[in-house]
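Chain nomenclature is as follows: A, B, C, D, E and F, assigned in order of appearance, with residue numbering initiated at 1 for each chain independently.
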Amino acid sequence: MPVSRTDFIDGLVTMVGNGNAAMHCGFAAHIYAANVSMVDRYFSDADGELLIVPYEGRLRMHTEFGIVQIAPGEIGVIQRGIKFRVELPDDAARGYVCENYGAFFNLPELGLIGANGLANPRDFLTPVAAFEDRDATVEVVVKFMGNLWSAQYEHSPLDVVAWHGNYAPYKYDTAHFNAVNTVSFDHTDPSIFTVLTSASGIPGTANVDFVIFPPRWLVAEHSFRLPWFHRNFMSEFMGLIRGQYDAKAESFVPGGASLHNCMAAHGPDAMSFERARTAELVPERLDDTLAIMFETRFVCHPTRYALECAALQRDYDECWADLPRYFPT
Amino acid sequence: MPVSRTDFIDGLVTMVGNGNAAMHCGFAAHIYAANVSMVDRYFSDADGELLIVPYEGRLRMHTEFGIVQIAPGEIGVIQRGIKFRVELPDDAARGYVCENYGAFFNLPELGLIGANGLANPRDFLTPVAAFEDRDATVEVVVKFMGNLWSAQYEHSPLDVVAWHGNYAPYKYDTAHFNAVNTVSFDHTDPSIFTVLTSASGIPGTANVDFVIFPPRWLVAEHSFRLPWFHRNFMSEFMGLIRGQYDAKAESFVPGGASLHNCMAAHGPDAMSFERARTAELVPERLDDTLAIMFETRFVCHPTRYALECAALQRDYDECWADLPRYFPT
Amino acid sequence: MPVSRTDFIDGLVTMVGNGNAAMHCGFAAHIYAANVSMVDRYFSDADGELLIVPYEGRLRMHTEFGIVQIAPGEIGVIQRGIKFRVELPDDAARGYVCENYGAFFNLPELGLIGANGLANPRDFLTPVAAFEDRDATVEVVVKFMGNLWSAQYEHSPLDVVAWHGNYAPYKYDTAHFNAVNTVSFDHTDPSIFTVLTSASGIPGTANVDFVIFPPRWLVAEHSFRLPWFHRNFMSEFMGLIRGQYDAKAESFVPGGASLHNCMAAHGPDAMSFERARTAELVPERLDDTLAIMFETRFVCHPTRYALECAALQRDYDECWADLPRYFPT
Amino acid sequence: MPVSRTDFIDGLVTMVGNGNAAMHCGFAAHIYAANVSMVDRYFSDADGELLIVPYEGRLRMHTEFGIVQIAPGEIGVIQRGIKFRVELPDDAARGYVCENYGAFFNLPELGLIGANGLANPRDFLTPVAAFEDRDATVEVVVKFMGNLWSAQYEHSPLDVVAWHGNYAPYKYDTAHFNAVNTVSFDHTDPSIFTVLTSASGIPGTANVDFVIFPPRWLVAEHSFRLPWFHRNFMSEFMGLIRGQYDAKAESFVPGGASLHNCMAAHGPDAMSFERARTAELVPERLDDTLAIMFETRFVCHPTRYALECAALQRDYDECWADLPRYFPT
Amino acid sequence: MPVSRTDFIDGLVTMVGNGNAAMHCGFAAHIYAANVSMVDRYFSDADGELLIVPYEGRLRMHTEFGIVQIAPGEIGVIQRGIKFRVELPDDAARGYVCENYGAFFNLPELGLIGANGLANPRDFLTPVAAFEDRDATVEVVVKFMGNLWSAQYEHSPLDVVAWHGNYAPYKYDTAHFNAVNTVSFDHTDPSIFTVLTSASGIPGTANVDFVIFPPRWLVAEHSFRLPWFHRNFMSEFMGLIRGQYDAKAESFVPGGASLHNCMAAHGPDAMSFERARTAELVPERLDDTLAIMFETRFVCHPTRYALECAALQRDYDECWADLPRYFPT
Amino acid sequence: MPVSRTDFIDGLVTMVGNGNAAMHCGFAAHIYAANVSMVDRYFSDADGELLIVPYEGRLRMHTEFGIVQIAPGEIGVIQRGIKFRVELPDDAARGYVCENYGAFFNLPELGLIGANGLANPRDFLTPVAAFEDRDATVEVVVKFMGNLWSAQYEHSPLDVVAWHGNYAPYKYDTAHFNAVNTVSFDHTDPSIFTVLTSASGIPGTANVDFVIFPPRWLVAEHSFRLPWFHRNFMSEFMGLIRGQYDAKAESFVPGGASLHNCMAAHGPDAMSFERARTAELVPERLDDTLAIMFETRFVCHPTRYALECAALQRDYDECWADLPRYFPT
């Protein structure tokens, strides 16, 4: 985690990854923590596109296409190969990054959901062209094949005066997400909370999906409203932006991360389970909550950093230890 | 409408139709009203499959594959070419029929909705084999190319002793429908209430969809919760099984039908509009309501019967006459 | 049927049709009977492509692309819009014609059958370029929108000196058909005998398929080897080239035709049934047999000629009258 | 191979593999040999689904979904992530295992073969729910990313009381396979013997296919009935369940395995070739034979075990040494 | 043609049509000639979308979404069901209309042509919202199922205050068309000049394409640069906006129209042919030319008006009469 | 590079590669330089198919299917697993080789370009069957999983007497390439120069494309005619057959190679830029030029040989150093 003066690049730490950047599949999940703006320093990622999800502090990203500023609750996406530098309007900035090696993030097909719903196209904002015209010795850092490469330029690389096309950074405020879910019974698959998807060649098994668990109403009757206990094909990397995640009553905080890899069983912790089991099923408004998930068809490999960091919850599975046996009754 | 003794066949009246039965596209909407069982009489439809939606009285359908009994709130589907006779367990039987000339009804792709939701496969029931072994002179009526053809058999045609395969009648109870909708804001497209779909070759524009508006919770905030005023590509034939349809406060009763053809503007009536406009947006449970829709990509032609029957609402568009002008304010 | 001097055009009679030539879907089945060559007369069909199946006498077709000669057991295909004239090497010529309004005939996807099987591409023969350089007053007859239009040219229209491309007439000898079928038990769907298919937009439901029932081995054990009794979605127009069709022991002769439209039940006649029911199931070589089928997803409309001709078998369904009841035993 | 007391897990040995379990593609072929049931021990494979093909002794698999018992001639499939233990009703159990990392096994599209044929869906059997309710210290072994991981539970993990869905183990008896093949001439591609297929994204090149060579009739005329000599794109791992494989007259026994990797030429051995070359081509019933093949689009890597085991046939290619030169004659 | 005071609606005359508006396939080609603006009169087409191609005078279309003004060289598209009125900024207005019953016009897939070329998305202009707030008795004319229906409103129907979405009228200036063609030899298919396409379900055979023949360079060497003589599957309806069409040296003028239906042979007239045959093949700039084509997969039926109007060129085929015979030389 | 006596196999050197031969994706680019024919030596590549592009000297390839001879300007393709030997009709032979591990090279879909254009199918030539009947001790070298394996045969492996099928070597003369490009303005994507494509599962991102920049006319007006400066997703390996590549005025010679990997910015060198910026935009014939490109969706890894060879241009990026700043003006 950042010490002394750390900018966005230096503050990036990789938690998990999968796939193969050279073959343009898979993704990596990073976290960042920075306390200074990038000065005379620029970044570009040739390995993948960056979906940035702050949970603390704003990021002001000066890109070749203009300026994209995001705050917690919002996300920003900077595509493969685009140069940018990150300013910090606030004292500190922390968040998650999904580095997508595969197909560009796109809105999912809504299918039966119809013409409107989930993340609506009109809420994605692309910057107005802006450029820097300055002579200076700057460092340009490029991530390529998993390494960072540094070069000196004698001018700002953000010297694109105008542009047209559809390959440009964008931002999205998750407050605009039109959440859709059961209005009768049962617990609906979290796929229904997909914001953006990086398709694999096989429908239903994305390279990586960006999923949110936003504020919403819960109204299911005759149902256990929390996520059911499950093992699944897709691997789930979760984070928290604000508030509490309903299936994890304690010890899941902003900046935290959980990984449930392919076929690793999981579900609500014992306390959440008990609360849900006995709750009166009246309409309930979930407020002040925003969890996120990077869900992927490939198995995630945690980094040495992730496996050895002090914050690792070695007793993570204890959260299920108190689940009693309910059958036979 | 049925007089004296009328069985299911004699009690069928066609309201609208489109497409071309010989080319296996389009559909027809019928209503039926019967007061006696079919005796020594059998029916089969070579033009299309029959989706039967009773709103009054049960139907007990003896088919080549076994017995399918349905009551209001349930539906039954008998495929093209299958012979059956209809018994009436109750004094009278009334309902709607969707005769689908196109691709067989199928469950829609759920896409992001996930592995469960809407109509779940396990709730569709197929009959146990049963047969009739009797010598009798019976009439077999076949619908073919829009006409009814009659023949005499000296035995029951329901003489199939056993069967295997996946082309068999089925029933479904709409009470098992897991309704999905917005749990945040906005009004979701009615496509999300699709129970069964007859695909056309073009995704998003079904030959005909069977849609229901079942009991459910309404929780949308900051929204006009009723259907918006719209003109659309698809044509909509609606009916009512029970209760009240939320966008039509009056004069829409079980057995009634409305047709909004391609690009015919429609929306809530003035009273429903006013009520929705001023409602407090707390969670609201819609109970005791079940409307249905046959939605189709082709323009519907009403029959002479439909256009001339006494029940025709010639002042139908008066329901919107009292809508005031709200802009400029 | 042809009287006095009748050439190929004058000898064509339409039996059934469906679809819509202007919209390029459906097909028509014709029969032809000719006793003279076309002299100073040329034909071209703008409505569809012609698949010609002789059962008596050879046809020598002089086309814009060269000469295609076919004999019984072979087929010839002349595409939409190609001019040709037909010479008769023998005294008389009779056969069937499938006029395909839809997608051009193509070899079906073999799928699991693999790289070789059924009709192999290398057995389809395209003519060497040949042309006529003559001044003469000739008649050119064009079929367009169901009518025949006649015009005079002062030269042969077969004046194409050379060509390249893949839109050219071809012939195929059904003796090269590699028949595939069960080698263990059961009766395999006749789709496995497909020679050429005109696709509709919907897999499994061709605009029209050309199917043959060629000489082959029958080895199914524990099975009723003949076609089962069935009603089906596709409509079947059958003809006979030579020998006997195994499910129709009598009264089906070369030049004959049967039509089993959508959902019309059919199966072996009583005599064939009895024979098959009691046969010893040793390997049996079906020789000297060649039946054909035009199978189509649209319902066929018979012509007035077909319905009124003297050869109509008004008691056709009598062939099933003697089928006894076998259940309950 | 198993010594002293060896259960199903301990008796598994890997022969070949390809692809990448973390990226959910490819497969591995194992053989097993066990002589005791698994006691207080459970297994689950997070890397792939297990298709188990016994050639000696029965397996009784207690799974989370119920009990699946298979004998030689049958196969069992246990999907990724499902816990089970294996009991041995007989003294010993030996067989092959296909561990499929890719898309779940599915029935192949039959295409022209029609509605019935090859492995029919109704012959696949899924277990009735059953569970174990016992307190005991048990070992649960999970295969994940190529390693076996062991954990202790204080109860049986087979504690699923009831279930619904379509992700459940199944069995299939190959005696129900309706073999389809040429009934005229030529040798048909072995793809026509496909029982189950794990699709890759590219039609025609499966991740892995499960293929059988079952008892059947051979009737091809004017043909060399055995497999032709070939090099091919797909790689072929073969095994034998019983009897003799027709293209390998000697030295291929139950439990044996052959690997012909991408573009490795192969075909009948010299003795089989000579026999086939001179055989009289009357109908011939192949009985008492059941060979299997795992065919895959990726190149297979043999394990050190496979390359070094005593049973390795180092002179395997000698089987073709005696093939004489037939051309020029 | 318009006499006295004729507005856009009254000045529409249908030339050819095909398909079926109720089944949402096919199209109609109209021409219009108007000399007054629509006053208190509005139009809407429920049968199809309108692609309007003026060759004389501007059209100022007030729509529910705002104002779209087009001049010769530009096109405007108003979708199915959108209300609008047409003002005439100039004394007169004449042009062509493609009424598309099928899938909405869309940009074609560019395939190998790449990311830019032909009609670029950024050159399509959508109006800024604008509305009319007026009380008046107005006539609203709606085209539905081939008929015009008239109703009185007491206010302007252009009362949409704001909108979002992607179903809105647009305009395009053909001067922005990036023409692509051979830069080496041969004559390229006119499909390469496609501006917009209404897809049918079958790739390569559009419901209707809008094609232009714009100013461009001709550089083909060793080639006959004009369209070759051809018969084709698609039917071609052509018009002229300005200048001369290179394959029709005379008698094709703005406002004229030609129809070459399915398999009707056509090509350059004799004079154009001779000129092209003997031209020196240096680079040549085609300027001051703009021809258009509505190309469709269905056969076009000309209207009685088209067949009987005084302007009909009954000797149209005389343009080829002087083509000499060049072979044998 | 070849010293003393070097045949085609010994003269192959690998420059870059990507993907995974065992998993049948990716490719490698090699160069070859030979001065003697292969004598008693044969080659076969099980890892991929070989697309051979000579820039100096002819190659006469004796294959199992017959003889394929190519000269500079032509290409030859020998598929995976086919045995051949290479004779040198000239003193030396040098060229490029694309070893394609993925889907076989195929002609790209032309889409709007129509029925003819780019590489036409009829210009691809397949050999007439030819075989060697000789007893001799020969060496057969097979490339498999990246290694070369050698074996001795006592006869020529080119002993295939006859063949049928569609898996056979072919050649193509790029002089037959019908180049298509802008005939109005702008610079068209190089994808329009695709000769052959090896599809990946994702349209638009080929496993590897073979692209040429052949002689052609440049006529774009108001445009910068050279390639624009770009970074892109695909990686580009280029070579030169003859003449000059228009965007690289100097230091790019036949036998040279450039690699611009994913997201590496590139464009015309400073001299080419200046020339193009100030050129008069009259039609210009590019003659005596033939550059090639292997373009691929995966990132290319250069070999140690490529990175260390004397010819490496370490100052390659100097070609852009003299580009002045033009904005602000």
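The rule is short, and it goes like this: a contact is a pair of C-beta atoms (placed from the backbone, for glycine too) under 8 Å apart; a residue touches a chain by one contact, two chains touch by 3 or more.
This one's a predicted model, so the numbers in the text were calculated from it and none came from an experiment.
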Minimal step count in the chain contact network, subunit D to subunit E: 2
Using only Cα atoms to place each chain's centre, name the chain farthest from subunit C. A
Please tell me the distance, in whole Å, between the geometric centres of subunit C and subunit F computed from their C-alpha atoms. 48
Measure off the straight-line distance from the CA centroid of subunit A to the CA centroid of subunit D, and report it in whole Å. 41
Any idea how many Å lie between the Cα centroids of subunit A and subunit C? 61
By residue number and range, which residues of subunit E touch two or more other chains? 115, 201
Going by the contact rule set out above, which residues of subunit A touch subunit D in the complex? 18-20, 25-26, 201-202, 205, 231, 233, 261-264, 297-299, 301, 325, 327-328
In their complex, what parts of subunit F are in touch with subunit E? 108-118, 177-186, 188-192, 194, 214-219, 283
Residue ranges of subunit F in contact with subunit D within the complex: 21-24, 44, 46, 80-81, 103, 133, 142, 144-145, 155, 159, 161, 201
